[in-house]
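Following: one structure in structure tokens, then a few remarks.
All chains are identified by letter, namely A, B, C and D, in their written order; residue positions are counted from 1 within each chain.
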Amino acid sequence: MRLQATYDAVFDILTPTPFVLMLRPRSGAQQWIVREEYRFSAENIFEFTDSYGNLCQRLIAPSGRFSIYTSAEVITTDYMDSAPGAPFVEIQNLPDDVLCYLLPSRYCEAERFGQMATTITVNQLPGYDQVAAIESWIRNVIRYLPGTSNIPLSAMEIYYRQSGVCRDLAHLGIALCRSLCIPARMVVGYLYQLEPMDMHAWFEAYIAGRWYTFDATQPQINGGYVAIGYGRDAADVAIYNQFGPEAYPATQNINVQRLED
Amino acid sequence: MRLQATYDAVFDILTPTPFVLMLRPRSGAQQWIVREEYRFSAENIFEFTDSYGNLCQRLIAPSGRFSIYTSAEVITTDYMDSAPGAPFVEIQNLPDDVLCYLLPSRYCEAERFGQMATTITVNQLPGYDQVAAIESWIRNVIRYLPGTSNIPLSAMEIYYRQSGVCRDLAHLGIALCRSLCIPARMVVGYLYQLEPMDMHAWFEAYIAGRWYTFDATQPQINGGYVAIGYGRDAADVAIYNQFGPEAYPATQNINVQRLED
Amino acid sequence: MRLQATYDAVFDILTPTPFVLMLRPRSGAQQWIVREEYRFSAENIFEFTDSYGNLCQRLIAPSGRFSIYTSAEVITTDYMDSAPGAPFVEIQNLPDDVLCYLLPSRYCEAERFGQMATTITVNQLPGYDQVAAIESWIRNVIRYLPGTSNIPLSAMEIYYRQSGVCRDLAHLGIALCRSLCIPARMVVGYLYQLEPMDMHAWFEAYIAGRWYTFDATQPQINGGYVAIGYGRDAADVAIYNQFGPEAYPATQNINVQRLED
Amino acid sequence: MRLQATYDAVFDILTPTPFVLMLRPRSGAQQWIVREEYRFSAENIFEFTDSYGNLCQRLIAPSGRFSIYTSAEVITTDYMDSAPGAPFVEIQNLPDDVLCYLLPSRYCEAERFGQMATTITVNQLPGYDQVAAIESWIRNVIRYLPGTSNIPLSAMEIYYRQSGVCRDLAHLGIALCRSLCIPARMVVGYLYQLEPMDMHAWFEAYIAGRWYTFDATQPQINGGYVAIGYGRDAADVAIYNQFGPEAYPATQNINVQRLED
């Protein structure tokens, strides 16, 4: 599937404000970036790669109108890989750089979900089937209410609240996986035909030697995912971090359309 | 000051259990490791460096008695550097790899402490003096009760509880610093003449182009610190992580003695 | 200056052949990539970042016609920075990751140029002026003969030959700098109005805390440089490496044109 | 096998001289460092990890006598692993960070050895057996003359000279492997019962998903190897690099003895 994904925002900036942006999808196992465009109404932009491999931009937004425009043409797989029955990876066989995705993080209090995860995944084979059971349980139990929250909440908060946005459901999935010693990470990006259209968040779990995609907000996982950033949770993968007086986008448009192959 | 620091623990292991250990001090700006020794009653130990630069060991503890013994001879400075008046570093001038220490993390909900930090540091010059005011405020307001907690608590939990162990006070200091856009990180290690002797935790803040040491558990900061691990908070710098049925050390001894120069 | 740089090549491949490509300019201190496009007639392309920070693509070129097309719109400075008189950085003050650019490498036998470099830079202030003297000496002494060589030659070979392509002159400059303990690295990329148009190579030297651009093939350094890859020498920064039976591009076009601001 | 390896050197330094040292063995697949000691007659020593994972120390040797003393107690395997018949790894399946060991480097002009390597390995299965044939060919054809050279020579120079020290034979082995698209790297370290005792160098080749040890200077490879540093060739793994007027050690002692298990 060939997609054109666009993010376009305008901020009203009162005083020059440092930003760190994370808006560039990278080519990877199930997506290939064919064309990219990014325009910011700022000068002296510096790029760096963070410790998760995300390509970030640092800049100072000047006072007044500050605009961000990014667009990418991406070839994605029509169906995300799935692997029912794929086995759990023993801790000692995990790659070094996957170990950090076992630890608790800001919004994923993994150490407090052990009992719940055991109950949810009872009778499942260790590995893919456990994560599928977690995803299915979230889909059935936690109400997905897009657009209801601006502030990230933690997995435990979401569990008590029993509803949340895409980011919240991902946090809960991640915390449950980690409590079973399955590495799990947050992904932000675009999803074709997401309703209502917005930036999206989902999670990946490390099973049988690679990462697999899970998304409890959708009835089933088809293709059309474009990953922008990876991290331990939402604290790591904000599409923008600003430092100083808060400025929300005055306007923000996200668009994902399908192109002819 | 020349110190000999030793950590010695024995676990009763029921079933072979993967461990990740973080027990090796590294030579750095204010400490030089002259001699090290580390013996584990396990085979097939693999070392790796995590994304914070800590040297970690992976191993599988066999069933039965599992012992860890590490010892280091370290030359440390007699006095940790301090720098009253040293200036705040503007976000845009921070090194790329320091940016992650501005973000909220598992036990440091930085985004919820902005108002409190502003109040505590009122009339202070941005930078070192703000952090010194935070350290002093914690020292005066939060009761330091060593040995009262095994489970890491978050900065917000400690604020409500008004008391905590060294790790807890460090979390609160870190959260307050970050809410002022001052990068802050957790340090675990040894402290000479700590009463009662135990592993210790403190925090560092990035000011005027380098990291400075702060420790609200002590009336004042002298020398005698031996850093073992750095991270965003306690989730990153456990001296050991085990995966599987929990096993606490049956015996654990920590010893720090001064050697002749 | 706003440039559109395009690389376009077609290979006739006899048997499926692994390629590693290095064709994506990165945003940096003196260039900002506004738009990029890259199309390869291959599937399963994987990107990785090498130890120099270059963004590389791995793929297997299928039998038959294999085409590469990349295009970037880049804003570059009109004039590259220069800094006559800027001082030499003492070894102990160099950043850790700059140290490797002091060592000899495949085509830069730095350890054999000490005497020559001392002679060339006699009476120059240590630092920028030494490198400017080296650049000027190469410009005057070594004949720049574009298009005369496909095989990389070493600095010593070029010195004996007294002529070379852009890559060769850069190797000589790098070897001379390193022999004076000035870190130096190879850059490949595009140069606006290069005659005849081709991929280009030049070098950078680390002086007074940052990298400066030098190019002995041009009478003077104006702007219009678009860096694609950095490395110790040509061994690190081939725009493509192929593994297996050699296949040269059947056709190859490089184009750099100026766009309206 | 339990070994005690010691390196001890004294330099006469005329003027304060920056050094970069690489003298600390790391725990890895076939060696475990139980105890380490390192004493330098210098202050302000900083450690860093280079891009190959080696732990390096930076310091300024003061004028006068400058002494280095390092000692390590190491458990090594009694026999290095070997794997006759183990298969060649297709380029596309190599890990990203192994790719750099395919490229030519300062002393390993891999691109000039293709024909020779093909001849030496005729009729061998691609992979381990090819490297074993290369090792055997070097052992038979190139005379190993320890102590005859202070200056690193390149693989091509050694081939013409038909003799060399351990480092030279390793360079030739590496260049031949790379010319067959087998990743190969240089190792420096200690070898128990090496005659005459000195620092040693050998090489590793990447086959069937891991690195294997080869050493053409020995009639056969037993155990007793203690690796200190890894790199592309001798340019990367000098046990010390000094910058400024050359100073050779006035005295240098290397000792490797066997301890009781």
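General remarks:
Definition applied: a residue touches a chain if its C-beta (ideal position, glycine included) is under 8 Å from a C-beta of that chain, and two chains touch if they have at least 3 such contacts.
If you're wondering where the values come from, they're calculated on a predicted model, not measured in any experiment.
Both chain A and chain C are touched by no common chain. Where the sister copies chain C and chain D meet, the same residue numbers recur on both sides for over half of the interface positions. Between the Cα centres of chain C and chain D there is a gap of 30 Å. Each chain gets a centre from the mean of its Cα atoms; for chain A and chain D, those two points are 43 Å apart. Residue positions of chain D touching 2 or more other chains: none. The set of touching chain pairs reads A-B, A-C, B-D, C-D, using the touch definition from the header. Across the complex, chain B meets chain D through its residues 26-29, 32-39, 45-47, 49, 53, 57.
Contacts from chain A toward chain B in the complex involve residues 18, 20, 48, 50-51, 58, 60, 90-92, 96-97, 99-100, 102-106, 108-109, 181, 235-236, 241, 243-244.
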